[in-house]
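What follows is a short report on a single structure.
Chains here go by letter, A, B, C, D, E, F, G and H, matching the order in which they are written, and residues are numbered from 1 within each.
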């Protein structure tokens, strides 16, 4: 008989996910879920859902979950980790959530070196609210609030979060990955696992930025959307490690 | 007869300043005031006072002034510059104001590349409220909320604002200076003037970080306080240009 | 004359624009109109419905709680809205996608194999127009001419052929 | 017994701690006490004043609007508070720093060259204690013993000599 | 004025503000008001104005503070959580007496709540969610037409009295479409009289300062009373309401926004059954039409308040009538929308009592 | 309980919270409450708790959201502008039914205002400055002793009803010193019963979720009514007040916080002149002691409300009495502090009417 | 023999697995899933090597792989 | 002769000018200023070179320099 070599992880609940077809959130959820299972931390993990499409993450991750105000995940994580240092705390956030409204909380939790893990899903758009410009929307990219394409003269250039955080002493692990190809998915998994391991080892702040696709608000088919990730997103958001214990800046 | 070679600038009002003896805000005010006069922009400049000891700046700068909510200077500056691009807009801010509560506004105005000038006074303390820890308070430094000295394990390491901003594309001029010696004052003046010139020339976002002293909340005499600037502050906050048009990163 | 309409179906079925079209046409006809959309909390492209009122008098409530007529484009919509229909009201069912049978017998029911008809006309995307055609034929809420005139306003970027297809679909629906 | 006191002067003159000392001593004496500080909006180390109530009954209002006694440590304080003093109230003026003369003649005025006396005792910093000594001597709001006992609580980090100097200053003030 | 157009409430709101001379919009996306920033993102550049998608609602309101201080007609909009974040800035703006206009297209709350229509932010709007003694001029439209036409009134009030003004609209008003005809010609803001507080280029005048504080003892108190005097004037002169069939009514419904539409439908139903129901619709909810309500209550002894909340405006109703009538309540908070039949049922029950 | 100590109100507040089991404090400096974070910065580590100086008030309240969700007794404090910034977080906390305790040591507003004592944030505290239908349990101490002893009550109410609780204290109460004796033994939070909603280690139980939303149609409405039921219970069981010489009074002063102290002094003066003045002091301002006031007003026909604001609690007074007595007002907003003589003068004028 | 199993209740027909499969094993089925999609299926079952690449990219964790 | 003038209404006796002066020109006066400080003064006037270093560091812009 065949052996099941790839099965659904126990790190996720049985609830089918309500993301759009081809949405990157699903894969990223799986990678986090598998990490919880593989590191055997699921039962002592508290996840933080953002406000964004993945607000529903509180139904999908098979661990304790909390859903706070838009952008405040890192503050909530700080509160939880300080009173429950024995728990593993991760904050799952979109680019609007983390890099726009939540910028101050992101920077300060990183600067404090909170021993938490942030899973940062950069899909260059506000998914949940219907496709408005994000701080990470690429120059020239259309959105419902940059209908003629983002004009850096008016809206500035997109923010590269890993680069931004890397000048701080607090973060010990920062990596940018993508989930557009099987190979990148494998690398993303490694990065996510490493980020959690950093926390398990009590080393400090870790963040993985995941370049993701939002076919719906990019007005693309799923296949087109992973094309854009490769052709437009990754060139602006280079993948790689921005900070790690081994290679300190 | 002797000629007056050093006179009070018209860039400041006649009102005597209410800062404590030896406080760095005074010198910095003078440098900004002189710049307004020397660049002949005083009558088309709108200054933004922070919430902090220098909330009183609205009485001292001899130009139109506005006093907004704590930390929101860059947002207010954005609003003003967009509707009055013919005016010169500067936001004068303390470290609590700019780097703590106002972090998001700071980063995003910089990322948008707003054509404004920020005068950032880093005295490593919350002056106005009586000496609480700032995001820039040095490790080991006592404050009323770090009574045993700032512990980086609990409160994180101080944030270096120029370094933080330098990964962004928006800022075109970032420099850190100090006002603890006559020589440094002269350099500070040059930096401030350059920052305003950048705006006059319509080039984009400029920020000068000025290492300053707060004798009162450092519980020091003015002389001791400039000693600390030299011995403790500048080593952690290296002076220099972090971004300029000439030497783009 | 007062006609309160509910249209309901999947996100991709053009429910919202059909509602807008009806309201717009009503306005063109000099009637008072309101349109109110509601989206489900499920996946994007989940269910969507809208309320349209076309009336000779000013419209008081834009919320159609007991519709005079209903267009049902998928299974869940039938379950949800059949009970709200007024006695003697009109229930238009897209039988291509709805297999259940309505339970009430105090209402007028018309089942239309709209997807099939639409494909015959040119594209499944005009199934909504087939249904709307039937609705206006039965209710006379607005005139067919107004709807046809309005098409290009509601779909400003539609190509001429598409507009023609829609017109045909409306007319075909008008035979029910 | 009810004694409402205002103390007022420059920031560095120990106004606040003198007020606390008086309140603390009142508590030690088993009285009801309140203390309320107010800082000027000017430069740090600008003016400061405080209200202290010492009373055998529970203190209703902690705000002393018409004081029974006032300690005035600088010029602006005289201007500000003289008018508020109760008729027959006690006005203690540090004449080392206040040159103006009070205008009222329905009050009891004591002028003390407190800075000079303080310097004689050991340091100008205990001028506040000289004034307080005079105040408690005249008002009997609290006992000298309690004040002396309390000194080390209000100045927990003060050296023994400093405490002695303060004690001497209090006693010296008590001669007024 | 021009032709009738079928518009979404949010779009009408945005277009109404542009026509009324708004030339600076900054906001942050939140459902159910996203059409406002989306509309402004192309409309503002079209009229030479500025659109900024701010990094947060906090930044957005503070951008307004700056732009308004320069004399520009400004706008922001948001919903529930975003409006809460703006409260500090609103209080500052009120204190600094800068005229601004904003809209809350209310969703279900508290918390993240849901994106369904609600009237649960009435307290926040009328009692100042921010700190300190201040008031906001709050208009409550009940149609797309009013969504589009009220911004002009708000700007006029904002500038005349130098105060914060807002439109409080439940999400239904933002999402629905109705025909709209603008009742005013587009205003060219460059033709408006200059503002004597506006910051900018001095050109001979003395320097100006805009501030929201006064640390000198007693000054802030004076300033606050000055604000109150202004607010008293606004109460006297700018209260707006509408009554329907109140003359002969023996039961008065009080409702605003969408609830007033639904109540009007219930009225129509009830009148058919010879129930003498009337309606008072506050058009401004601050200032609340207390005087007329007080007068009506001296005659009509039963009052039904209908709200899409657990009961907030009902306090203003009770304050107005001072115990002179019986007050009943029907509420549907956090996304519940009453139907006209439901309201009529409640009315009948009250008659039964 | 231990000996009497002379403490500053703010310090008493902080110490009271610690004794009541608070083990997580996060806040941001603002006058006149700085002594609270300053005290906590050394006291928290001393008791094995956490002190964080947050980057902002927004971050502070959201840290509480997290820490409270883990079952910890938490606190934040601020004043005016900072409290406004917390409103979104407070609304979320209320919706998620997380018990938290916070304090507003009120300064003069609106805007930056000043740092003098004020009662101008009453509306914000009692009407929910945040969005949506929710209530906060609001205690209004009038002495240092109460500053120190009320936090325990707040924690009990917060946990019993799973709601937001707060202390509303004008700046004077924060800054003044008085002797305090704690009326309860220090609480060891590790001995408190475990919370069945608390996130943490699963150890066999099923996973838990804390959230502030429900997008399923109708669910948020149900949730909101559930909250209202809880609030109704709180109104019934947790209303607190104090009356002084109200029995034979023919004029009733209603005042809270510092104003109640000043009014008590005025009472004493007035009684000496044979004026039959009484005092009702709300100790909880939400729930407001409406019932007792209603009863009193059936007999006492003149009511004077004294506030350090332009008039906010007066609305609750009017709502309670439903027109059954005449209501007068004396207010000193934004830093003004009335004196007992001033209040007595007003009283005499009312008698003269 | 290696194979995949698609949970039709989860599959949303995004086709990401189709392009991920190096052996062109996967296609979309003719029939509708309960949620109205044409779910992924093994169109060319023999070619499957059980490499799991399809499962790696599936956003809905709809694929399980057997080997 | 080069000299400085100290505005006694502004000087707060912080002594920063004193250490900044390379020629030890400046000292604090015996008398009190209106705001209660011993203001800076030229204690060693002849040594002044008018180099302005004192004015550069004065936080209260209390010094004017003549040359």
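To be clear about the criterion, contacts are C-beta pairs under 8 Å (C-beta built on N, C-alpha and C of every residue); 3 or more make two chains touch, one makes a residue touch a chain.
This one's a predicted model, so the numbers in the text were calculated from it and none came from an experiment.
Enquirer: By the touch rule set out at the top, what is the minimum number of steps from chain E to chain G?
Expert: The least step count works out to 2.
Enquirer: Hopping along touching chains only, can you work out the least number of steps from chain D to chain F?
Expert: Minimum number of steps from chain D to chain F: 1.
Enquirer: Counting only C-alpha atoms to place each centre, which chain is farthest from chain A?
Expert: D
Enquirer: Please compute the C-alpha centroid of chain D, do the same for chain G, then give the distance between them in whole Å.
Expert: The answer is 86 Å.
Enquirer: Measuring from the mean C-alpha position of chain A to the mean C-alpha position of chain G, what distance in angstrom results?
Expert: Result: the chain centres lie 25 Å from each other.
Enquirer: Could you work out how far the Cα centre of chain E sits from that of chain F, in whole Å?
Expert: About 29 Å separates the centre of chain E from that of chain F.
Enquirer: Averaging over Cα atoms per chain, report the distance between chain E and chain H in Å.
Expert: 59
Enquirer: Multi-chain contacts only, two chains or more: what residues does chain A have there?
Expert: 19-20, 55, 67, 69, 100-101, 103-104, 107-108, 135, 155 - these are the residues of chain A that touch more than one other chain.
Enquirer: Counting only residues that touch at least two other chains, what does the list for chain F look like?
Expert: 52, 55-56, 58, 81, 88, 92, 96, 112, 114-115, 211-213, 215, 217
Enquirer: Touching residues of chain A toward chain G in the complex: what are they?
Expert: 2-9, 12, 16-17, 19-27, 29-30, 179, 181-182, 185-186, 215, 221-223, 226
Enquirer: Of all residues in chain E, which touch chain C in the complex?
Expert: Residues 4, 6, 114, 172, 175-179, 258, 261-262, 264-265, 267-268, 337, 339-342.
Enquirer: Which residues, counting only chain E, touch chain F once they are in their complex?
Expert: 58, 80-85, 87-88, 91-96, 106, 108-116, 118, 120-121, 123-124, 127-134, 211-215, 217-221, 223-225, 227-228, 309-310, 312, 315, 318-319, 321-324, 332-336
Enquirer: Which residues of chain D touch chain F once you look at their complex with the stated criterion?
Expert: Residues in contact with chain F: 20, 23-24, 27, 32-37, 39, 41, 59-63, 65-66.
Enquirer: Report the residues of chain G in contact with chain A in the complex, numbered from low to high.
Expert: Contacts found on chain G: 1-3, 9-10, 12-16, 19-20, 37, 50, 52-53, 55-61, 63-67.
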